[in-house]
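For reference, the structure is listed below as structure tokens.
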Amino acid sequence: MSALPPLPAPTVAGLARGLHRGEYSSVELTRACLERIAAGQPELNAFVTVTAEGALSAAQAADDARAAGRAGPLTGVPIAHKDIFCTEGVRTTCGSKMLAEFVSPYDATVVAGLKAAGTVMLGKLNMDEFAMGSSNETSFFGPVRNPWDPALVPGGSSGGSAAAVAARLVPAATATDTGGSIRQPAALCGVTGIKPTYGRASRYGMIAFASSLDQAGLITVSAEDAALLLGPMSGFDPRDSTSVDSPVPDYMATLGDSLEGLTIGVVREFFDKGLDGGCEQRIREAIAVYERLGAKVREVSCPNLPLSVPTYYVVAPAECSSNLARFDGVRFGHRCDSPRNLTDLYSRSRGEGFGAEVKRRIMTGTYVLSAGYFDAYYLKAQRVRQLISADFARAFADCDLLLGPTSPTTAFAIGAKCDDPITMYLNDIYTIGANLAGLPAMSLPCGFAGGLPVGLQLIGPHFSEGRMLNVAHRYQQETDWHLRAPSAWA
Amino acid sequence: MSLTRTDIENIARLARLELTEAEIPVYVDSLSRIFAFVGELDRAPTEGISPMAHPLPGLAQRLRADEVTETDRRDLYQRNAPAAEAGLYLVPKVIE
Amino acid sequence: MGLNMAGTDMAGTDMAGADMGWETVIGLEIHAQLATRSKIFSGSATAYGALPNTQANLVDLGYPGVLPVLNGEAVRMAVCFGLAIGARISPRSVFARKNYFYPDLPKGYQISQYELPIVAEGALEVVLDDGERKRIGITRAHLEEDAGKSLHEGLPGLTGIDLNRAGTPLIEIVSEPDMRSAREAIAYMKKVHTLVRYLGICDGNMQEGSFRCDANVSVRRRGAAQFGTRAEIKNLNSFRFVEKAINFEVERQIELLESGGKVVQETRLYDPDKGETRSMRSKEAANDYRYFPDPDLLPVLLEPAFVEAVRATLPELPDAKAARFVRDHGLSDYDAGVLTASREIAAFYEDVLQRVGSDPKLCANWVMGDFSAFLNRDNLEVGAAKVDAAHLAGLVSRIVDATISGKIAKEIFEAMWESGASADAVIEQKGLRQITDTGAIEAAIDEVMAKNPGQLADYRSGKDKLFGFFVGQVMKATGGKANPAQLNELLKAKLAG
């Protein structure tokens, strides 16, 4: 792999500068990415679909626009989309056999926004089926492998996005986060991930897993790149009732602000017995960096946070059981051969079209909503969700941002946690809280443990993306963990 | 909390999921574990706490103007249909 | 199983149950499609009769990734209805998902309202056949989306799905189990039908399914405290079917109970061809709808100012209008009720009355009588008839000013109905102007008297009954145009000699 020429710059910011200065064209850059993608695919399996032809024509259009003096800051920058986002005229699979042949007739709002900003789509990234998973092993299109060690998982569900950025196949990728699906793979692959506030980016065209938790975001090399891309994909969308009608700030404008006077809360519950010692050490070191930068650090407690995983495993399956009812073999998606009757059509199409984990979650959700169990499970979980949100609100009364690890461990071996769903679910123990409360959160590379990347998590109050990106960027000015790439892919 | 084979069969029927004979014991086991785990919620003090259905509190549903904004795109939309004829989606005969 | 009931007098059986000591208990769930231009959660058109699936967009089809956005007009219409039935308008209502699999339900769930409906606790008063008034409680009215349609014809072994109707806004109006006979149920349903059309929130077209109902029917021993087990009869789309289905079902349940059986709580379908209800196999399996708040939609919050603004736009409602007709125009309760049963007819009546400027009862008789009869005969809406309010007022005015008699007026009306001409034009053209010239009437009387000396002699010798004979003869001689009052007076004098 070392024979593979590197991209001319590792970051979106750097590539945008190169394009702007005419050092290379978007077509040249796109070709370079396509070469790396093709070379990476056999080992990493990060892509489900590569749209080479469309990418090259979009790149040509971007070069034409630049020549005509109509280039914006992102014109001609190649990116890739998680295959959960609908892309017009392009297969959109959601990592499932159910949608293996599905061609979306429309673009997700996030996709349209990034397209309008001039980015070039390289293809669709592999993911856990319907975003249900923390290891990218549930994809119908096979597992994605971690560029730091192909025997390991990249994390999930946005494993394709994280692996592709970590291996520098693409400079940036969209992703989604329902319980940690951006942050956890970002941590395991040593890249930057941001999940914005619920409602900041439209959910229209993003295939729903758990509607009250899903949020679109990004996986990038740097916080600065996230700041560049987040604007165009965010904002009010009249087609999403839960999208928030408030202006999107200029995230670039505040990126370099001083951290003097910033109060960071270190969440006590994040440093539990499940946290790997090496990971904890890297987090403690990151805290020291912030102290050097002028931030005040204090310990805070969110006592209900340890209940976030069981809460999530009621709420998310409940919503998913209903959201995935539309996949019935009638209007789109997999349909079984020769259905004997209506029930057979439904049961066999769904039984064949969905993988094991998706079926497990649908059944879990069906059960918690069913007569006699609704109060004990669903309502109870929604009440605990209220408690967890209140914990965060109380913490934010005393500090500007919260800090902790993203994941309890570094990347684990493919197959290691497949037998017990609970072990797998506990990967998201530190990330789920932000989804339950709708808070923005990030994961930043903060060093290595046992040679594998460790992620630092920041969680902010609603709509504090600007401050959070600033705090992340200042850290990345002080450290270069985010610029480290696996040697095979450097 | 432990689920039985019958529980799994009933849930699968309600969810319209055909399970193979081999899958059933796997789900009996894993759903039992999940519900044992989720049972932790019982110890949370939630008396007087209202359920939280949306992550952003206090927001109200926006109302759309009553305008027709769509045109007929049936042919495009039916390209994804596994079985369609004369503009209709086809399913095995429904007996009411 | 009561199959022998077909063809017997249903109204009679209605009473038969009561006579045998059974009481019928009925609650209705009325589905009224709201007359919005676009669907409740998408910008697709709601027009009836389009080619299959040409009015089903990505949201209506439940495509992956799409989301619902609520149509404000549907909310306004639901509030209108709530205010019109004196209900509580919920300041906060919530959409919920009702989960079940059915081919006409593309998402696998229906977006409806469950625990927090937009309208709660209202009532309507109905007038029964014997003039008695009865209050029917309305538990709630909630917003929801309609399903698509399954088509079974022409596709052997298959069902075709048309989702044009999917997502059309509905209000489901749920009554209390306050009705005790099919007739009461019909009276209530008609009242709701009138009301939604008055409010302009539903076109009320039952053939097209814009207004339809499910009936919950049970029977119990008279005096029993508990309700019996009920059956739900689905999708009744005419008043006649509702009546027949309920009566059939009551009879079925009574026979079942009297022969020692038990009523099963189930969904039944009315088959209008056979005139019977039967169990719906496809919905037989115990449904567990797994309602939960729809996370794609936020709570609907209604400010008091919004509700008051809607209240200010409410038209005069049927009951208020009828009371005014009684009070201001001296009409009977019955006439006022008939005229106000349709907003269009009531408006037409008021238009006619205003143009005539007097004789409200005469105007009412014409609107309710010939005019309505001809509308019915030709199956026309008010506005579609060639006789408009100005024309009918012209006709009534000619009666009032004695240009024509009431009897001739009927003939003129028929000509007006066919041709669209004014009353005056028909009167001129057919020479039907009433003869009010005393001399001309006297001449006709003289001629009749001269031609009938025998009868004249008899009359004068005390056979008073022959007066009618002379009236008839003079009318015949004048082609029916003699002014009746004048004729009476002049004839009496002449005959007296």
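Structure notes:
Order of writing sets the labels: A, B and C. Residues in every chain begin at 1.
Criterion: a residue touches a chain if its C-beta (ideal position, glycine included) is under 8 Å from a C-beta of that chain, and two chains touch if they have at least 3 such contacts.
Quantities reported herein were computed from a predicted structural model and do not represent experimental measurements.
Between B-C and A-B, more contacting C-beta pairs join the chains of A-B.
Ranked by distance of CA centroids from subunit B, the top chain is C.
Distance between subunit A and subunit C, defined via averaged C-alpha coordinates, is recorded as 57 Å.
With centres taken as mean Cα positions, subunit C sits 40 Å from subunit B. Separating the centre of subunit A from that of subunit B, both taken as means of CA atoms, is a distance of 23 Å.
Those residues of subunit B in touch with two or more other chains are numbered 14, 16, 53-54, 59, 61-62, 64, 73, 77, 89, 91-94.
The set of subunit A residues touching two or more other chains comprises 102, 105, 212, 238, 241-242, 321, 325, 328, 330-332, 342, 346, 366, 370. Multi-chain contact residues of subunit C (touching two or more other chains) are listed as 58, 61, 63, 69-70, 101, 103, 161, 282, 288, 290, 295, 297-298. On the side of subunit A, the complex with subunit C involves touching residues 85-86, 92, 94, 99, 102, 104-106, 108, 203-208, 210-212, 238-242, 318-319, 321-322, 324-328, 330-332, 342, 346, 366, 369-371, 374, 378.
Chain contact summary for the complex, subunit C toward subunit B: residues 36-38, 42-45, 51-58, 61, 63, 69-75, 94-95, 101, 103, 150-152, 155, 157-163, 269, 280-283, 288, 290, 293, 295, 297-301. Considering their complex, residues 7-8, 11-20, 23, 26-27, 30-31, 33-35, 37-42, 44-46, 49-57, 59, 61-62, 64, 73, 76-77, 79-83, 89, 91-94 of subunit B touch subunit A. Contact residues of subunit C toward subunit A in the complex are 58, 61-70, 97, 99, 101, 103, 106-109, 161, 282, 288, 290-292, 295-298. Those residues of subunit B whose C-beta lies close enough to touch subunit C in the complex are 14, 16, 53-54, 59-70, 72-74, 77-78, 85-96.
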